[in-house]
Amino acid sequence: MNYSTLLIAVLIALGGAYLLGRNRARTLASQGAKMHSLPTHYGALVALWTTLPPLLLLLLWAVFETRVVDMLLTLQLPESIRLAGEADVRLALSKVHNLAKDSSLMAESNLSGAAAHLVDLQARTSLLKGGVILALIFAGLGLTWRRIQPDMRARGEVESIVRKLLFLSSAIAVLTTLGILASVLFEAIMFFQKVSPIEFLFGTTWSPQVALRADQSGSSGSFGAIPLFTGTLLISAIAMFIAVPVGLMAAIYLSEYAASNVRQVAKPALEVLAGIPTVVYGFFAALTVAPLIRQWGETAGLDVSSESALAAGLVMGIMIIPFVSSLSDDVINAVPQSLRDGSYGLGATKSETVRQVVIPAALPGIVGAVMLAVSRAIGETMIVAMAAGLAANLTANPLDSVTTVTVQIVTLLVGDQEFDSPKTLAAFALGLVLFIVTLALNFVAIKIVQKYREQYD
Amino acid sequence: MSIIENHKTDGKPFCDSAKLSARDVCVHYGEKQAIFDVSLDIGKNEVIALIGPSGCGKSTFLRCLNRMNDTIDICKVTGEIVLDGGNIYDPKVDVVPLRATVGMVFQKPNPFPKTIYDNVAYGPRIHGLATSRVDLDEIVEKSLQRAGLWAEVKDRLHSPGTGLSGGQQQRLCIARTIAVDPEVILMDEPCSALDPIATAKIEELIDELREKYTIAIVTHSMQQAARVSQRTAYFHLGQLIEVNSTDKVFTTPEHQLTEAYITGRFG
Amino acid sequence: MTNSNLTTRQKVEASMARRRASETRFRLYGMASVLFGMLCLVVLFGDIFSKGYSAFSQTVLTTEIYLDADYLEISTTSDEQALMNANYEGLVKNHFKTEMQPSGRKERRQLYSMISAGAGWQIQKEILADTSLIGQTITIDLIMDDDVDQWFKHDHGNDDGSTRLSEAQLGWLDSWVESGDLHTRFNTTFFVNGDSREPELAGIRGAMTGTFLTLLVTFLLSFPIGVAAAIYLEEFAPKNRLTEIVEININNLAAVPSITFGLLGLAIFINIFGVSRSTPLVGGLVLTLMTLPTIIISGRAAIKAVPPSIREAALGLGASKMQTVFHHVLPLALPGMLTGTIIGMAQALGETAPLLMIGMIAFVVDVPGFINDPSTVLPVQIFLWSDSPERAFTERTSGAIMVLLGFLIIMNTAAVVLRRRLERRW
């Protein structure tokens, strides 16, 4: 029995159990018993106990099935393969799986024994799984159904279970953070066992191409990430150079100057800019902006790379404009009117008031907003993946091609991966750096903005 | 206390040496009218107190006098307000020099998030009143002295203005206003957020400032009006009911509404 | 007060010219910034539209073709094997060879290359639908190769010589244009086909189905979990350190780069839990984690907006906290939560980077049927096509972007309408 069938069985059990429980409570009540809770509570309780344990088991099964099966299967492999090392075992296992799927191939392989075993194993686990799940469903149903008595506090029990479920839902957010951290941390540690952190953080040559054969030159690859960091910073800096002044001025204009009808049109229009998928920006950067810049550069006699940092940075800047402007707008609106009044009351013009009172008063909030925008720029992937290059140049020239942390993560992980090769693990080390840096930026920025808001509340 | 249709102001709303004279001023907030045909003179170097129950339009009228109401989109002012012979609502008039001439102190102290020094120097800097750093230092010191704050802050001129106590902050705001050296100062309940000792200090200050400036002060406290002002104007539901010398208003008011208010029957 | 004799007013008047100029300048900067933002929007949309509108039409050649049973080696129409494997492509080539009389092998090759490789499939489809057509002459609109398609849609009429077509090919084309046989029609292929290496046969159906399945998984998981988390945090969570950590966490998570969610998906869902790569299931799981913060944050706002009087009334009637929340608060907060969910789904719809990590970048021709089938999604399809050098793929990329933006506009409009409704009620 496969997972969808079992899932459907559990769902049917859910409905059935609810009705059974409710009806039993009703019957008891009609016989004159004074029930502690409403019949629906009894129904819900039976339904919960009938479906939650099998669902949990199903989840655990899904998580561990492949590993257990593979473990058992490894024992069935020919001795020669088992002793040859992990990579060979893995290869053999995947072959066995393919053989098991397509029985016409089976006869000719030395793995046929293992494959036959696998087919057998799969049939047995499937049966076992179905049986255990059904048993759990009926056990839950029977036990809870029998517990229904007039003095049973069904409502309290249901509510405490639901409460726990609600809590678990909100804990998923924390688990996600831990999950991200764990997933990048473990692989990164494995990476740092092969490549020293010093070399990674301070090395200036990045060429992760591990040779196919050990005797080829440059077999170890080199993992100095400095060019990636500078490339990321260069593109982010260009983006900020566009987004911060334009976004800030747009926010100022819309909140301090624009008539309300202008505001009503311009604000949503800028928000549309924020809703456009980054892959669209990437396409625009790669196919429209980059050739344009190259063309302009040529007429000006400059040597512009076709994947210049400038093109990616410019378009990223455009993408971040609405982000900066809507955050700054919030921040500027939080500056109390009384400060503006104080300034106008002294005879200051609008721009003097904005520049010398409103902006300084909003500065912490604006700094927070800019930090969030920087974190956004550093983590942006698609625009750079499409418009920036792969060449890890250590340069500050915006007309050159540079690469970024995110581009390298994508490049290293897309396509066939060899596990445990430093090349694949390097992506996770880069991910770790990216996660830590953006998390720190966000954390500080959110704190700053929160403090700032409290100040004027 | 019913509304009086087309009330003609009782007492003496006009005077000979008027610094500011308002004629038939009406103010609307959108559809709603807040001020009805108010005509009033404010004499040179006098302190005039504007009193009345809350919501009667005192602040609104005060804010007309330096066109602070321009900052509220829905606010429309009609009528004429003449300052030294020129109508300030003339479309040709720029509010910047007007507000430099007619300064304002607000109900809640609103120091800028800058140092004490920069708060006071703000006006002179934007208007280019000081020619040198020494000049500016002098303006700041003198203004703080006149506001009675110098002794308390002279050792921490470069700490933030927001770190002062409420009373000090309000005196800082007054110093900030007089640093521009205006001719008229408008004060909207400047003591309502302050404790009695701070209030006494500000009242003392107002008395001193009278020598040099024309002052219009909105106040909720009749004692304060009696202590600091020479003339008092009583507003009721957007109308100017009565204007008389402060003594007269508080001893023998002409209008029954004024009497009812000062005897504390409503407020 | 100052040393000079000028009054304040005179000095201020003197400074006014400079200050008015600087005021105007500042206002212009502001206006220019807003205009720049809007200009970017217009240029971006204009650029995509101008590149992509032609993706929705397709060049076809109206052809009368004799379905020769002998050539196809179909003796009995009940022989399914023969029907499936007959050389339809050869039939088409043969037809054009006799029709156009190319001289020599080179010209012949050029002639064949003008007809799409999909033409044979078209014939096969007709015959499978109605086997009685065998031995008859039918009229059919054959799909042309992308080079012809591009020439006819863009270069035909303006002779700038940018086409890759040869003299002979142009000659044939001119004769077809003259006879009116070569024409364009609405590009249904684009909507009913999966991906293909041949631009004229490539479509977005596979990607759209993949997107639909992925978003379905995302919605089914993130909506209930998000709502439950919002309810817990807003109504039940004790005000303690743990709750605070959860809250900070959610805010931070909303700002974490999306690519790190892809790393999580790869390391945990695929490598540890063994979920299969490239499937809507794993894509949906990753996007669920990504959209949860958005849904939780907006869900909490919606719950906060429910007037406390409603809670008090229910509690006053003796309802338990849980009953109050589920029977009275939740129904009122649901539209607001739905708005947040739609916005979250719109984000998920446009997301690309994390899906690359979990293998949704594979070249998938078949339209996925279930959440366990390998598939790609619309944004990833755009990414894949944008890398192809053919002009026809650029056109189709832009076309796919237009479809994607269309969906986004629909979703965001729905969210706005829902929000308006909400505001009217309270």
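Order as written gives the chain letters A, B and C; numbering starts at 1 within each chain.
The criterion applied here is as follows: a contact is a pair of C-beta atoms (placed from the backbone, for glycine too) under 8 Å apart; a residue touches a chain by one contact, two chains touch by 3 or more.
These figures come from a predicted structure and were not determined experimentally.
Pairs A-C and A-B differ in how many C-beta pairs touch across them, and the larger number is found at A-C. Central chain by Cα centroid: A, whose mean Cα position is closest to the mean of all protein Cα atoms. Centre-to-centre, using mean CA coordinates, chain A is 58 Å away from chain B.
Between the CA-based centres of chain A and chain C the separation comes to 20 Å, rounded to the whole angstrom. Across the assembly, chain A contributes residues 347, 349, 352 that each touch 2 or more other chains.
Residue positions 12, 19 of chain C each touch two or more of the other chains. Each of residues 96-97, 100-101, 126-127, 180 in chain B touches at least two other chains. Across the complex, chain B is touched by residues 260, 336, 338-349, 352, 356-357, 360-361 of chain A.
For chain B in complex with chain A, the touching residues are 66, 68, 71, 73, 95-101, 103-106, 108, 110-114, 122-123, 126-127, 173, 176-177, 180.
The touching residues of chain B, when paired with chain C in their complex, are 94, 96-97, 100-101, 126-131, 135, 138-139, 142-143, 180-183.
On the chain C side of its complex with chain B, the touching residues are 1-4, 7-9, 11-16, 19. For chain A in complex with chain C, the residues that touch the partner chain are 62-63, 65-67, 155, 159, 162-163, 165-167, 169-174, 176-177, 179-180, 182-184, 186-187, 245-250, 252-254, 256-258, 266, 269-270, 272-273, 275-284, 286-288, 318, 321-322, 325, 347, 349-352, 354-355, 372, 375-376, 378-382, 385-386, 406, 409-410, 413-414, 419, 427-428, 431, 434-435, 438-439, 442-443, 445-446.
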